[in-house]
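Below you'll find a set of structures to go through.
In what follows, subunit A forms one complex with subunit B and a second complex with subunit C.
Up next, the complex of A and B:
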């Protein structure tokens, strides 16, 4: 009896451990590799093959030197990545908050078709759009100032951070809008009516009464968008060609596809470097992120 | 504030929710909109508050057409069934929110908040969030929030429906007293006929978006113009059954079947006595257990209701409910005589449901 009970209790854990083992080993490998000259399995070895030797920090020199592959500072690439992540987050959250509210509360012609269209767009693989977007960005690049004359983000044209942000926002919006609409749907109409009767304008009702009710949703969408932007690869890789505008993801890709033999130690270190903020961020915010899946405002009584 | 509704109509995508309602509300009057759920009470109220625009028809405040006024320019306060307090603000912030929007000075907001908090007895709750209050407390805050604006018109949308029975009764009296003291013209929406009957000066009965009657509570109770009103008003509900009209030697009788005939007094002679079969109504409190006079029958069920016993028995072939004094200690199976007070009887046309006495 007792053993039986113990088994049923521990079974899920055993199963989960077995299933996650490959991932855990992978992370372990990355961490150990970054501090080793060579590695044998998960055990660091030195040049002459002695076990548990050859620990080194030389894989981390990219933090101070220019990266060998792209010949630009890693900090510039980090900055680029951060700009994309922040730009994407701000854009997606702002637009989704407004569009979600309108779609949830206001009746206007074309509302239903618009909703289904965004859903279709969301399930559209972005790869198929790359060439079309390329032409759009080339065209935007020709617009004075807006194209490539804006500080920090460069502009919204081809080969600018702003261009990548613009495209990423567009691809992320369907999810954001649906998410925000769902959260707004859960806020009672009476709350809004009370605000209107108290003397709020529509705009103020949205900002001061409605938006505070969906803070959990906004937090979730912000975190989700930030992570998307931080780790995004396809769009930055396709639309930013110059080395000075690369991101951490594109650097990793370059390192792997170099013609000279891949330096796995440095590759792992850069990978870990890109991963760390995400992990730290996730640890602090996972409680909000879970709201995406529960999808509602709780305790608004 | 005097309010007039003129041919007020609201359609939602072709479906008529409110159909050409006409009524007037006098300054300081307490009016109830009474009707079953889905009959268009809330829609009417939201049109008066300016949230919904009427499809056709007019709303007049003090004789001025206000159809196009936004809610904030209508001098109204509203209390919702769901309380609709702002969850992210404290009670104090909830109360003074409308004053804040009008950029009133801080001292004034403090003084006004204190004034309504004293009226509503919520002075100790000012720093709490709505989520930390009971339903009754939340509804007090909501009422305070409506009052702080010193509105000319108060709108209530089933404000007590979410409270438990005991609290509902005490709040009922409190709201009524408050309205009396402040003299603010009020419209009170409810589906609970007891609430409407006990609180309102006049009651507008609505069914399927159509105004059925608009009059004082006593008249609704004693002179129901339609079958719907007769069924809806009164607790326990009125006994209603079909009878055949018989005329013998110049006197009129209602035939209840199985040879039971009851004489109809002259004062209650239905219009159009040729009708034949009509609907008769008599309230449970208008039937009495007689000593030896009356119609003989057997008690089928006794339901103690506290102050009264509700008795179920047969009269002719009709099931009848009536109230008796529990002191009589009547039991199931007892033989009794019933004396209906026919001076209180009602008659309705079956097809139209119209009263044959008052319509």
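Up next, the complex of A and C:
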């Protein structure tokens, strides 16, 4: 009887641990591998096959040497990745704040259709459009200066950081607009009415009165967008072909396709290098993030 | 009230502020949603490829779609996609999400929170890093973690599981990401079940299974339906993880990956934009239809009330 009860009590925990096991093992593997010459399962092994030997820091030399695969510095790729993440964040937040405000607070013809449109686009599988977006970017690339003549981001056309940023912003916009509209909906009407009656313009009301009220929403969207930009793979991979514009994700993919499991050490180290900032971010901002993972759809469920 | 509104109107004559607020969004939506949808449909009616270039192409009407219907491999890609979506959805995006959210809401708060945080990790991990993890979990002996910890102790023959059980692996890789979406939504829905109902069922001596069947499931009917529709669509069209894991080898070329390979990436270097866009067009049409159904289903009108500032 007692054993039976103990079993019922511990059963949920056992089940949960078994189900979660691949996640636990996977992340354990990545951390151990980065410090090992080779690894059998989760056990570090040295060149001649001795167990629990071969701990090393040599997998991390990519931080100072050029990477063999792409022949460029890891820091240039980190910089590219950062530009995409920051560009995406600033773009999505600013543009969603503008549209979200108008949709929440201004009555205008076409408001309802526009809202249904954002909602449909929110659930629309945007990856199916990648092939066609390739054509749009090639077309933008032919516009003088805007296409490929801007310093740092290169421009907004095909094979530029700016182009990747622009596409990423667009695809994330439906979620952003919907989220910002929801936050603006909850701001008190009196506050805004007072500002408008006092003769504040819509723009000033938006920027000085309304935006400060939805800081938690802005924080959530910023964190989410930054992470999405930092970890994005498919869009940079599809639309930036030159090695000097690679990102950490595309580098890792390239490395993975040309190495065997024997030298996964460096690969894991690069992966962990890209993962670490996200984990740190995640630990501190979990509360906001949980809001958005479900909050982006909260209104609809 | 009406008077004040009039005052506002007087101070702010009808300048279309709203237009400028919406302008950047409109521009991007036109450029990267509308235009691509139109381009997809138009190019799917041509034979445009890297052989014809951007100038020497011809209209072929519905030939690309006819070709899709005739090709023997179409059925393989189609059924693989159906099987992949159904299995991943049933066992992970819904099944696993339910199990994890029910367990973590019925154990101590801290532990539950910890496990849910673990389950969110795959979602926030960069795709390539995450897929690399799985590749190594399934790698051949002596490297792979599964072979070392489970297969060999059981006395079975080790092998490269990603290649040997490729279907299982694309389901696992996507499922462990997908489960967290439903998990979050179900968790908040379960936590919102009124306490007295749970207590009443306890007093009546309901077992855990009975409680799941008669209390929890009826309460989360809507979130369940929502996650199902939403995730069907995203599973059907996403191919990023599969591309990094197997790149379509070992019979894992789902429909969306097939389209991508045909149009933008293939071993022969012959990009068949026309045919690839026709394959994508099929998904675009399904996406639009499901999107509209989804809009109908989820009480949309309640969400789009007129803004009060002008109707006060």
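FYI, the second predicted complex is superposed on the first by the 265 of 301 C-alpha atoms of A that agree within 3 Å, B and C clash if a C-alpha of one lies under 4 Å from a C-alpha of the other, contacts with A are read in each partner's own complex, and residues count from 1 in each chain.
We adopt the following convention: a contact is a pair of C-beta atoms (placed from the backbone, for glycine too) under 8 Å apart; a residue touches a chain by one contact, two chains touch by 3 or more.
Keep in mind the model is a prediction, meaning the values are calculated, not measured.
Participant: Would you sort A:246 into first (subunit B), second (subunit C), both or neither based on which partner it touches?
Facilitator: Neither: A:246 stays clear of subunit B and subunit C.
Participant: With both complexes superposed on chain A, which partner does A:23 reach: first (subunit B), second (subunit C), both or neither?
Facilitator: In the superposition, A:23 touches subunit C alone.
Participant: Scan A:84 for contacts with subunit B and subunit C and give back first, second, both or neither.
Facilitator: A:84 contacts neither subunit B nor subunit C.
Participant: Looking at the overlay, what does A:213 touch: subunit B (first), subunit C (second), both, or neither?
Facilitator: In the superposed model, A:213 contacts subunit B only, not subunit C.
Participant: Between subunit B (first) and subunit C (second), which does A:169 come into contact with in this model arrangement: first, second, both, or neither?
Facilitator: second
Participant: Should A:199 be classified as contacting the first partner (subunit B), the second (subunit C), both, or neither?
Facilitator: It touches subunit B and subunit C both.
Participant: Looking at subunit A, which partner touches more of its residues: subunit C or subunit B?
Facilitator: C
Participant: Under the stated touch criterion, which partner chain does A:223 make contact with: subunit B (first), subunit C (second), both, or neither?
Facilitator: The answer is neither, since A:223 touches no partner chain.
Participant: Need the overlap of the two footprints on subunit A, from subunit B and from subunit C, as residue ranges.
Facilitator: 193, 196-197, 199, 299-301.
Participant: Using the touch rule from the top, collect the residues of subunit A that touch subunit B in their complex.
Facilitator: Those in contact with subunit B are residues 188, 190-191, 193-200, 204, 209, 212-213, 299-301.
Participant: For the complex, which residues does subunit C have touching subunit A?
Facilitator: 4, 7-8, 11-12, 16-19, 21-22, 24-25, 28-29, 31-33, 35-37, 39-40, 43, 96, 99-100, 103-104, 106-107, 111, 115, 117-130, 132-137, 139-140, 142-145, 147-149, 172, 176, 180-181, 184-185, 188, 222-223, 226, 230, 233-234, 236-240, 243-244, 256, 259-260, 263-264, 273, 276-277, 280, 283-284, 287-288, 290-292, 294-295, 298, 300, 303-304, 306-312
Participant: Under the touch definition given earlier, write down the residues of subunit B that touch subunit A in their complex.
Facilitator: Residue list for subunit B touching subunit A: 46, 49-51, 70-72, 76-78, 80-82, 84-88, 97-98, 101-102, 130-131, 138, 145, 149.
Participant: Tell me, which parts of subunit A touch subunit C in their complex?
Facilitator: Its residues touching subunit C are 12-13, 15-16, 19-20, 22-27, 29-30, 33, 38-43, 94-96, 98-99, 101-108, 111-112, 114-117, 119-121, 123-136, 166-167, 169-171, 173, 177, 189, 192-193, 196-197, 199, 201-203, 206, 227, 230-231, 233-234, 238, 248-249, 252-253, 256, 261-262, 264, 267-268, 271-272, 274-275, 278-279, 282, 286, 289-290, 293-294, 297, 299-301.
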